[in-house]
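Encoded as C-alpha cells, the structure appears first; notes follow it.
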Amino acid sequence: MKGYAGKYLTVDLTRGKTSIGRVEESMAINYIGGYGFGARTLYDMLPNPAQIDPLSPENVLIWWTGPLAGTISTAGNKYSVFAKSPLTGIFGFGISSGLFASELKSAGWDGIFFTGRSEKPSYLMIDDDNVELRDASHLWGRTTWETEEMIKEELGDESFTVASIGPAGEKMVRLANITNERNRQVGRCGLGAVMGSKNLKAVAVRGTKDVEVFDIEGLVRFIADLNERCQGPATEKYRIYGTPANILVHNKLGCLPSYNFQRGTFEYAEEVSGEMMLKTHVKKIIACAGCPIACDHVNQAREAYEGATSSVDYESLALLGPNCGIGNLDIITKAVEICDTLGVDTISAGNVIGWAMECYEKGILSKDETDGIDLRFGNGEALLEALKRLCLKEGKLGSLLAEGVRRASQIVGRGSEKFAMHCKGLEWAAYELRSLQTSTLGFAVSNRGADYLRSGSYQVDVKGQVDRLRLDRSRGKIVYDGENIYAIIDSLIICKFTRGIFKSVDEFAKLYTLVTGLSMTGDQIIKAGERIHNLARCFNVKCGISRKDDYPPPRAFEDPLPDDVVKGAVIKREEYDEALDGYYECRGWSRDGIPTKRKLLELGLNKEAEEVGVEA
Amino acid sequence: MGEVQVEFIGRFRELFKSKNTIIEVGSEISLLSLLKKLSEKAGFDVVSHFLGSSGEPMEEYSLIILNGKAVNLRRLSEYVVKPGDRVVLSPSVAGGG
Amino acid sequence: MESRLRKVIVCDPDKCNGCRICEYICSYASEGVMNIKKSRMRVVRIEPFLNVAVTCRKCEDPVCVKACPRDALKQKPNGVIVVDENKCNGCGWCVETCPFGVIRLHLDKRKAIICDYCEKNGFPQCVEYCPKEALKYVTLDQAARESSKKAVKLLMEETVIGSK
C-alpha cells in the first residue's frame, strides 16, 4: 500500500530503546489513520485505562499522521497525538498541522509510540532511519519558540521541524499543549503535560525520502481541481478575516460567550472583531504546508506590548477576550503569545480564567487566593498576570488554575462548580450553550469532552436550519452524521476548512484510493468513521463514562441568557434528554449511552463487544 | 410606510462602504425583494451572495440574520420583512470545525 | 535569445504565504515523486512574517558556471543552466557560490540540480499551481513595471483627480 510509510517507531523512554512496528493493510482499511489509528492503538495499549494515572510512566503517548501527509493532498499535512488525558481522565487527543506531519512521513514513519519515562530531560531526533534520544537538559525551561531555534542550531540544520512543550508541559500543568512551527498546536486535553511527565521535551524530525503515491498523476489532477475550489466562496471567510470573523456574527446571534458564559453578547465586540483585527493588527496571513486556503492570521500588538506577535484564531480571541471581559486586541495578542510560548491551550486557559474572574467578582475567591491580583472581568493586566502564573504554576492562583476548571471548581467549591463551564473536564469552547442547542448536544457527547471539532453540529444552528433555541429528538441524527464524517476527516487527516469543498464522502474515498491504491467507497469510509467513533467511546466507557457525563454544565439549564436578541434562552432538561435519547438511538447505544454488543459486532469491533458492549 | 434596519458585517461593510443602512418599505415584502432593493441602492447583485447561479444556497459563504434569527438560505424565498424589522447581512460562521 | 527577453520566476512576498505547494509540485514535475527535498523551488520562511519562494534567476553572468572547476555547468541562450552529469562530480562548489542558494545536489545521484524552468512541461509548474498567484513567469522588465504600477495605485489612486 502506498501513502502510508508502513511503519511506526516505538520509543521506550525508561530504557532509552527504540524499535519498529508495522502498519498492516487491515489496520489501514479499517481505521484509515490519524484519529482511527489513535483510537485503535490507545485502546489496545491501555486495556485497563481506569487504573492508569495519566501523569505516570504507565501512560502512553501516541503520535499518528495519516495516509495523505507528505503528498500534495489539499490541506492534508496534519498529525495527531493521543494519551489518557491528565485533564479529563478519558480519551485525550488533539490534531496539529504544518510541515511536521509531512516531514515525519518523508522520514519514513506513520507514527511514534512513547512509553515509560526518561530519567533525564530528553528529546527525540528522527533523521530518516536514524533515530536518537538526545539530552534536553539545556532546553528544559525554554519556551517552545526558543526550543525550536536551539534544536535546529544544535543539529546544524534548519530543515528539521520541531514539536515541543514549554515550561507549562514540563511542570505538568493540566492545560499544557504541544507546539510546532510556532503557531500550530496540539491544543487540548493536556497532552503537553503527558510529555512533561515523561521528561520528553521535543520531537525533531527531518525526512528526505519520497512519499509513495499510488496514482500520482491522478492525485495531482484531482488536487488541482480541489485547490481551485479552495479559492472560491466556500473558503472566503478563512482567507480574508479568518475565523475571527465569527466575533461579530456570533455577537449578532447572541452566541458569543462573554463574562464566563454569563452572556451571549459583548459590548466591545467591534473593538475585538475580525474586521478590526485585519485593519489594525494582522501583519501577515500564512499557510500550513500544502494548504491552498491560508487561514493563519498573525498579529502584532501595537501601543501596549508593542512587538508581541501571535497567531490569533476565533477561539483564542473569544475566550481570552469577551469571555474575560477584555475588549483590547493588544492584550489578547499578548495573551496568545504567552500561551503559545509557555505552552498552554488558549481555549482552556481563557475558560478557566473567566471562571476565576466570576469567582472573584462574587467574592468566592478572595484577593489572597488570587495572589493579590484584582481579577475582575475586563482587567487586562490581571488576565496576563493570571496567565503567566497558570503557565508556570506559580502562586496560589497559578496552582489552582493549572488544574483546569473542573478540578479548580471542586477544590474551591462554594458553589463555583455551577458555573465551571466544561463537559467531562474539558473546558467549553467559544460557542454559547443556550442559544446554539444542537451545538451543545454535539459538545456534550463528544469523545474528548466539550468539543465541537468532532461533529460541527453548530452549523445547523447558525444556518437557521433548525430552531437553535430548542431541542428535539431529531437533533441526534445531525450530531451522529457530523461525527461520522468528521471522524474520517480526522483520520485522513485533512483540514476541516475544506469541508465545503468536497462534494460528498465519495470524494474522500477517491482521494484515499488515489494516494494509497487501496480500494475504498464512500459507504466503506463512512462505516470506518462510525467504527472509529465507537471505538473511542468504548475506551471512554472503560474510563467510567456513561449517560451521566453527556450533559452540558448547570448554567445551560439554570441561567437563562439576558441578551435582548436571545432573551430567556435556556436548555430545557426534558428536551435535552429527548435529544440525547435520539442520539443514542442513532448510535445504536443503550439508553445509558453504552454501545450495544450488536452495534459493535456490526462494526467488526468483536473484542470491544465482549469487553464493553451491553445487551440492547 | 416604515423602515427596515439593515446592518452589515464582514465583506458586506466593504461592499456597501457602510456599517448599516435603512430601506423604506410600504408594508410586508419578501426578503428577496429587500435584497433586490439593496442591490439597487448599492449597485451590485446582493442576491448572488446568498444564492448561486442555479439558485443553490451559499451556506458556507453568507448568512442573513432576521430579527435575531438565522435565515435558512434553503428557504430564502419564504421569508418576509415588515417595517421595524432588523436584518443583518454577514459572512457565514467560520468555526474551527 | 537576447537575455532581456528571458523570463524568470518572480515571487511577490506580499502574496506568498509559505504554503510550499510549489515545492510539492516541483518535485513531481521534475522528478515524478512527492518529496519536497527534491524540489528545485525553495520556500524561505523567516519568522514571523516573511515568506518568499526563490529559484534560479538566470543570472546574466552566472557565478555557478564560472565557478565550476570541471566546466560542468553551461548557460543556454534562454538563460537556463544545464548540468552535464558526466562531468559533474558532486563537489558542490556551485551550491556554495550561488548567491540565492538555489542549487543543490540531488539526494540520490549527488549531482548538481538547478531549476530548468520545466522545459519538458512547457510552463513552470510552480507558477501554474501557486494558489495565491504569488509566483509569476515574466521578464524582469515586466516584473518591474508591475511593481511600479502597484506602488502608484496604492499611493495615489485615491488622491489623484480623475483616477478611480
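Labels for the chains are A, B and C, by order of writing; each one numbers its residues from 1.
Please note the rule applied: a contact is a pair of C-beta atoms (placed from the backbone, for glycine too) under 8 Å apart; a residue touches a chain by one contact, two chains touch by 3 or more.
Everything numeric here is computed off the predicted structure, so don't read it as measured data.
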item	value
Pair of chains joined by the greatest number of C-beta pairs in contact	A-B
Chain whose Cα centroid lies at the greatest distance from that of chain A	C
Whole-Å gap between the CA centroids of chain A and chain C	38
Centroid spacing, where centroids are CA-atom means, of chain B and chain C in whole angstrom	46
Centre-to-centre distance between chain B and chain A (centres being mean Cα positions), rounded to whole Å	34
In the complex, chain A residues that touch chain C	70-72, 99, 102, 106, 159, 182, 207-213, 216, 220, 224, 227, 230-231, 283-294, 296, 298, 300, 309
Touching residues on chain B, where the partner in the complex is chain A	7, 9-11, 13, 58-61, 63, 65, 68-74, 88, 90-97
Contact set on chain A toward chain B in their complex	233-238, 240-243, 245-246, 248-250, 252-254, 274-275, 313-315, 431, 452-456, 458-459, 461-465, 468, 486, 496, 500, 564-566
Partner chain A, residues of chain C touching it in the complex	17-21, 24-25, 28, 32-38, 45, 47-51, 107, 129, 131-132
